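Here's the structure we're looking at; comments come further down.
Each chain carries a letter (A, B, C and D) given by its place in the written order, and its residues are counted from 1.
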């Protein structure tokens, strides 16, 4: 089968492509990972799964969780969402405070940290038990009811969250955060600590390849139009200050996390997740992006 | 036929949607246009043309020309292109000098003015007679050998180019422009003054819907991969500080100009051009974008 | 006597100069003040006091307190002080986060909020009982052992400190704050709430007019050189983004607070304090500055 | 005599203080200077001159000329001057374009390059023969009718003026420059090329120590108030992004140029000029500033 051959080829080509970046080291719990871990999974709409490498190894999804919370919140808010957050690429580092000040507390998009905090703040207001409800949602998406938070990572991140606490207080000073900043950081650090492997991650993004429906269960997560729009947001804003580069090289909607995960979607076809913990200077998994570029090149498919 | 019905419906729905913006007024020659002009053309890969409204009215394509010069220069430079210009969305107004200073004369992408000037500077170095060669290229793309510069607009823009002259001198101070700044502005203002109607514009973008080949002549303009990459650049950077919004609402690679033109591409299928001169605060044709959003909505197609 | 005549003339000329700005309204406790309050006091090195208007009315000194904490901390740190804070005018609004990010947590100077927080953080580390010790210091300077914090204002500010809490967390993320951000804000809001009248304020700045000695008691607060340097800092950075204007119009080292107080020093001669709560768009008392400009004009004296 | 002893002491202490910076190298004509040149001159109001080192060596005054053009233009414009230029320290590098864009073509102060260009533009409008009139003015100030432009430096700077040409075009795009940008650069590069030694430079700044009068001739250059205000501007903005540091260390109004000259004023007493071509990272003569700091320390005098 085509997909199997392609990902095995990529795995072979890149299995020694290491040492060109650093594992996220801002908290001890993250830096303990094996930097050479490398897993790939393709999940297709018709239910096939193709994996190579450490596809069973769990890692925290970090910023990839922003797609899940956004999907949950946009379901309730619809177009009112765009009154509290923008949808333009930010053009600066993912935790920058500059644009936030110029734009009076309305973050540029939901995938920079300030924007994700605004989304999680609304999640806390809209849902009865946000941490539990988020976990339920991700379990449904992935089809694995055993998924959970990595408490050690979550607690460690909470202890090192001065920058995000600054962001939360700053946005709150503009009136665009409604919950207590410290409680918000607590929820946010938990969402970042969701622990998945590439197979679970690829499956959990299939709803964005299928117009908003979870293929395995037939459950509708969001409308077709919403699904397309989430993909548009990922394509323009999903990889921090490397989003344009990712669109250029890979040509697919995608999202990355500092845990080393990257996931991308071919609408109407499949989702693909890669895990490789070493990060480039933009905070993205350089081997993950390289693997995805080869995947679309060998497959001859992109959204363009 | 589906396309005909859709664009006629859109034309009817939006023919009175005026008065919500202003015609570009920075030069007298541009402000003389009828602000209510409104034309739409769909050009398909199999050679069909569907138009509504003023599809025969000519307008200057302005920044849309940046796609043509980029295609001509990237043909010669390949990946070396990315040493002189970036490919990230800029996150600030299209003529901003801020990021340029921070990034030492390497413009963020080829579609902000500074980036387009760098591209035109290389065009002047790479081609024997850049103004004539550009015209030849656009005539081939559109299939109309009568296309020409609007000299009145070109001369008028040259006289009011202090901002672009500042950009050119600024980039030159970093060593990233090699020709004389005033001559560069002359060439640049000419490229912006290319005068087309929506039918010619739609046809001239078909090569980006067909993997780099002009469908009517079979002539190859660039490789399939280059074609996809130009589309990726348009999607992330094509509408100035409204690119994210355009990706979200329209979901297609596109490019706009302050002359009121907007053009978009559905890879594998068609190109669509709209002309409506009134601009929103981002310098884009608000009715043009609205028409394109309805087109993808009614057609049920986007790249996502 | 010259001073008496001059301040009485200024009082008469400006007593109806109101309605051109707004009392600080970000906390209820501050906005309750009578906006037309107007007091002036000149305190000379030889012990004379000349007052006009509401010179006995108390107001919270707010940012003027930054001079007192700086004097206390610089006594212990000497030149090491300049490793944790700069001494350049900031060129942006007083609570801006932009420069702080660019300069990695080293605030531009001790009089912008971020810089003052760094100073207060060191005060907390260097002194056993910082709140009590600060009060003791200000009581000695002013010769009034009854001076105290305005607890109502302090508590109200603590409740509305999201912006300063953001600053504190942000600076802490760079490692330049050592105490708990919330405790730091508590101390900081207390220092801002010190309540004085113009007579007490003028007297408490006399040490900067006399080379570091409190004239009434002969007690040395700091060396002559330190005293001069504090004056230099006030002249270049003392009035937020209006410091250049103040130097130009008034020509003296000075410091303002959003409580409506402004104080200035003529080295070798006197200190002068004005209170008028209505603020201009830069957060400074416009009538206070106008009164000081007339004072140096009528007296024919500035440092230049 | 005190002054003689002090400057001889400083000369001895600092004569080997070299190698810690670089001579301005952006044009060949500037980089030919002997980097170890070192001259000091004190000129007093009562006509005494004290020099040490290469006080007869000529250098181009560069940005120090901004004080002369400002004096000439402010004479004609009075307070209207502040409609075209601000008077706040800039807080960023001297040729930054950032603030200029944010503040719509009104430069922060007359001593950053953009501000100086605006002033020279007005000089060209207000004076019949600006280059000749400027020379006449500087000759009167210095008492040396032989002073002249260094044509080689002027022409060399004109050829390397892309950054300043960018600034001029940028400000012109906001309507705040009225002459042709290239002609403006021509005049500006000439003013920067005025060639003086420390004795001539010190004498030419005496009018700012004497309330606006040239002591040797009794000629009034400007009013007492204007003189004080020029001093205030020099103190807050005279040394680019090192102005706060200079005020702190030296405590006098001063102005520097990339030719290695620095000049300062003790109002009511003297002017002092130092020449030492090696520059620090802020573009200021580090030995010049050190010499001035020692001068005020040994003399025990500053404006504070």
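Basically, a residue touches a chain if its C-beta (ideal position, glycine included) is under 8 Å from a C-beta of that chain, and two chains touch if they have at least 3 such contacts.
No experiment lies behind these values; they were computed from the predicted model shown.
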item: A-C compared against C-D, more contacting pairs; value: C-D
item: Most widely separated chain from chain B, with each centre as the mean of CA atoms; value: C
item: Separation of chain B from chain C, taking each centre as the mean of its C-alpha atoms, in whole Å; value: 55
item: Distance between the centres, which are taken as Cα means, of chain C and chain A, whole angstrom; value: 47
item: CA centroid of chain C to CA centroid of chain D, Å; value: 32
item: Multi-partner residues of chain A (at least 2 other chains); value: none
item: All pairs of touching chains, each written as two labels joined by a dash; value: A-B, A-C, B-D, C-D
item: Chain D to chain C touching residues, read off their complex; value: 86-92, 99, 108-109, 225, 227-229, 231-233, 235-237, 241-245, 247-248, 251, 253, 267, 297, 302-304
item: Touching residues (chain side chain A, partner chain C) in the complex; value: 96-98, 100-101, 162-163, 165-170, 172-173, 181
